[in-house]
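Okay, structure first, notes after.
Chain naming follows the written order as A, B, C and D, and within any one chain the residues start at number 1.
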Amino acid sequence: MNPTDIESMAASVPDGALIALPPDNSLPSVALAKALIRKGARNLRLLGVPVSGFATDILIGAGCVASVQTSAVSLGEAGFAPRFTAALKAGTITITDATCPAIHTMLQAAEKGVPFMPLRGIIGSDILANRPDWKVIENPFDANEKIVALPALHPDIAVFHGAMADSHGNIYVGRRRECGTIAHASKRALVTVERVVEGNFLEDEKLASGTINATYISAFAIAERGARPAALLDQYGFDAAYVSTYARAAKTDGGFADWCAEHVFEARAEAAE
Amino acid sequence: MSTDYRPEELLAVTLAKLIRAVPTHHIAVGAASPVPAAACWLAVKQGAPVRLSLLHKRSGNPFTEGTRELFDLTGQGRIDLFFLGGGEIDGQANLNLIGTGAWPGREVRFPGSFGSAFMYFMSGRTILFREEHSPRVLVEKVANISAPGISEPGVYRRGHAQALVTGRCVFTFHPDRGRFSLTSVHEGETVESVRAMTGFDFDVEGEVPQTPAPTAEELALLRGSVCDEMMETYPEFCARVFNRKLAA
Amino acid sequence: MNPTDIESMAASVPDGALIALPPDNSLPSVALAKALIRKGARNLRLLGVPVSGFATDILIGAGCVASVQTSAVSLGEAGFAPRFTAALKAGTITITDATCPAIHTMLQAAEKGVPFMPLRGIIGSDILANRPDWKVIENPFDANEKIVALPALHPDIAVFHGAMADSHGNIYVGRRRECGTIAHASKRALVTVERVVEGNFLEDEKLASGTINATYISAFAIAERGARPAALLDQYGFDAAYVSTYARAAKTDGGFADWCAEHVFEARAEAAE
Amino acid sequence: MSTDYRPEELLAVTLAKLIRAVPTHHIAVGAASPVPAAACWLAVKQGAPVRLSLLHKRSGNPFTEGTRELFDLTGQGRIDLFFLGGGEIDGQANLNLIGTGAWPGREVRFPGSFGSAFMYFMSGRTILFREEHSPRVLVEKVANISAPGISEPGVYRRGHAQALVTGRCVFTFHPDRGRFSLTSVHEGETVESVRAMTGFDFDVEGEVPQTPAPTAEELALLRGSVCDEMMETYPEFCARVFNRKLAA
């Protein structure tokens, strides 16, 4: 499997796709989110696994997003996600609230090929009251217990950033194994990586346990520092200054547009020169 | 003595007492919770045999199954104590992390429920912590329930709120009657001043004592070995509260 | 967490315990199985995750076992498991048949703290007809589908062999991550390891993804070549000669007794000298 | 030509044709299946764009989620083809890997069902393979069903048996009518000789051809690059069938 170009990868994402994104502590591909903005993606339905952060906010700001399903949207220390908040207020996006383990569970159901999985908790929460797609059933082993049944969720596309790919298209994500579950549950997985290395991670005992098998990977592209401002394992840390600059700029439509011109379009144009 | 400690230090000491009041093997502490984290470390440094899983620890993060593992661990009954807050908290210990106004937060949207709709049921117990103590936060009835304080029969529930600690007082929660009682008021507060700033009705049983001030030993631990443990994850908190800065 | 002695570890296992054992391709602790034989364990209920191999056969041969729940019992290339076959014929053990993904699913339900999980397949098999503890329910999202609901299974003790433990009691199992699920689902986990090393695997990005957190580990003991004759990751291979010697010897009660005297009791006595 | 190949080579070539007869992206091959593994490698070497997951490959084993991953992968619909056998196989394609006599195999106990009760439903299709073709193995009705050949309405089933390949012939399975038909007989066999050795009734439609013998090209691939791929996992098979030994 050979790497593709990140712009071609973005071009392969159809408008309206249901896209699963890990949050800022778990290898988001901010690089692909930026390429989707450059491509002018529209009506994307984003799934936060299990919460949403920086990549979601910039996609919303650029008008690429129709809806978000997530357990929270936040820039962490930098506070509320400004473009999410503005778009929700303006009514240009809809949000479907979940709770973290429910999102994991819906993806695990897809991963196992079962139509649903039960999860405890949730009953009595208004989250459930606003999820007609979630059902309360009787525990088949204890008629006295009510429990929530969550439907399997199959995203169209999993998007994340790995540390590296090998010659076979296996992707190393280290301990961030939830990226594996997202890939397993999704119809396609588009992955950016820092670099491609020779060999086969599955033949290296130490790397194998942090590797996602190429079986699940539809395409990968090289994007150096592609998780930035999120951290990448032990390779680079969270860039708090970048996020707080963004959070300040993105308070207004104009501020976001300027930020986007500089950090999404110009930065790419310079890199391409 | 009264000005010898910072409010965060009083809160950390108060939380540590609540931790140690019940046998506790394993505590998970979420992001953006420096005061609860300080309280956990203080309990450990005071000798409580507690395992801490600090979810946002950068190096040596305890989880190797991704973000799912905390919820699985809690589902298994291995988390004795978790901390939760809320944009709104009401008198039945319902939490609102969604927002005010009509669903999904048409007036003010909060970030979202995170894992609260699960953790609040499945942790051995929960300590509610919110520094801001105002009628805006402590409301009679939350606008939207992210996680309910009590559950009807037939709903599996392992634990409830143990207490609610705010910048003004400590409440104890009584799941049997679905109400808070006032346990102690912090220095400078009274039952009446707390009542004036609280949107929900609560019980008062007899004389309400003052929340004990931190002892010199507690403060020494907080500013010493507790601060040492917290520097990597919460550098800004350590700088602000303990006046300690990372070496450049 | 300090290592314990393997004989003390075996002594901590009560008669009648439900013990989860990985099979010969996934880090069984044959060393602890032998220690359980030396201790004279009785009425153990063994769970093969998802199948059973060498360790199960020797425990049965030594009279330690009352029942086996598994998806198959086999010595692989060396053929049928002789002591299992003999004991089943003699009626001294009972077997509860499952099918591989059902065992994984029952443990995953325990891992998630849910009372059950659904699984497709199985319906129409006599396995289901002989599992009154498995139920067929209606898919809550499609009344036209019948599906099996499997109850959560919480073994008393998970037993497996890791490559190494660190100073904190974290256990490295590499890609054999199913050992993690067994540990998560079980009330206790008793683990043997080749060696103990200084440090914290969770702080080493490459090791972390193949590490089981000490949270789940009740005790660990050093047992060099403790998986033998099973393989240990890239450290040593499967010892086919050892297994075929065993398979020949264990065809008869007497042959098993001789094998056991030499390989379980004498080998230990020599090592202890 | 007739003695120029070994029975295993005919079987591998025959299985490879069945693999290539249907678009196939991903095949999983279990333990102790050298002939199916050879067939898969042959299909690959003949240019079929197939991914192989060899479950017992020692180095570079494809799975990093433990033994669970094969079943998850199959549940996801990512396995187009799996191979199964059986201690008994009946005319409705029911498999018995449990044993004969009363449950759980009071007469002869087989090892057990392994994953068959799931894989047979959830793989895109299954090729049944059993070299021994005798009334003892191919029975009218299996004593115990590990995995049923067909399923009633309301049971999710992604695939069925495509064919049953034995040491004597190739049967095609028809899930609509729940019966096998005889597709071809291997050299030296006839419809009558197959019927005499088969415990179940099967359909015969018109003239039954002979199973095509391996071509020189097929044999060259098998003995060359296919054998190269199989040496690590199946050294004994390669020595016996291809007369190739590992360098000491």
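FYI, a contact is a pair of C-beta atoms (placed from the backbone, for glycine too) under 8 Å apart; a residue touches a chain by one contact, two chains touch by 3 or more.
Protein names from UniProt, one per chain: A, B, C, D = CoA synthetase.
Bear in mind the structure is a predicted one, so any value in this text is a computation, not a measurement.
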Steps needed, at fewest, to go from subunit A to subunit C via touching chains: 1
More contacts between chains, A-D or A-B: A-B
Distance between chain centroids, defined by C-alpha means - subunit A, subunit B (Å): 29
Approximate Å spacing (C-alpha centroids) for the pair subunit B, subunit D: 60
Distance between the centres, which are taken as Cα means, of subunit C and subunit B, whole angstrom: 40
Sequence positions of subunit B contacting 2 or more other chains: 59, 61, 63-65, 71-72, 75, 122, 156
Touching two or more other chains - residue numbers and ranges from subunit C: 108, 112-115, 119-120, 145, 147, 175, 177, 208-210, 234
Touching chain combinations (by label order): A-B, A-C, A-D, B-C, C-D
Partner subunit C, residues of subunit D touching it in the complex: 31-32, 56, 58-59, 61, 63-68, 71-72, 75, 97-98, 103-105, 109, 111-122, 144-148, 151-156
Subunit B-facing residues of subunit A, complex: 23, 25-26, 49-51, 70-74, 76-77, 80-81, 85, 88-89, 95, 97-102, 104, 108, 119-128, 130, 144-147, 175-181, 231, 234, 237
Residue ranges of subunit B in contact with subunit C within the complex: 26, 51, 53, 59-65, 71-78, 122, 156
Of all residues in subunit A, those that touch subunit C in their complex: 105, 108, 112-120, 135, 137, 139-142, 145, 147, 149, 151, 174-175, 177, 205-210, 233-234
Touch list for subunit A against partner subunit D, complex: 110-115, 180, 184-185, 200, 202-203, 208-213, 215
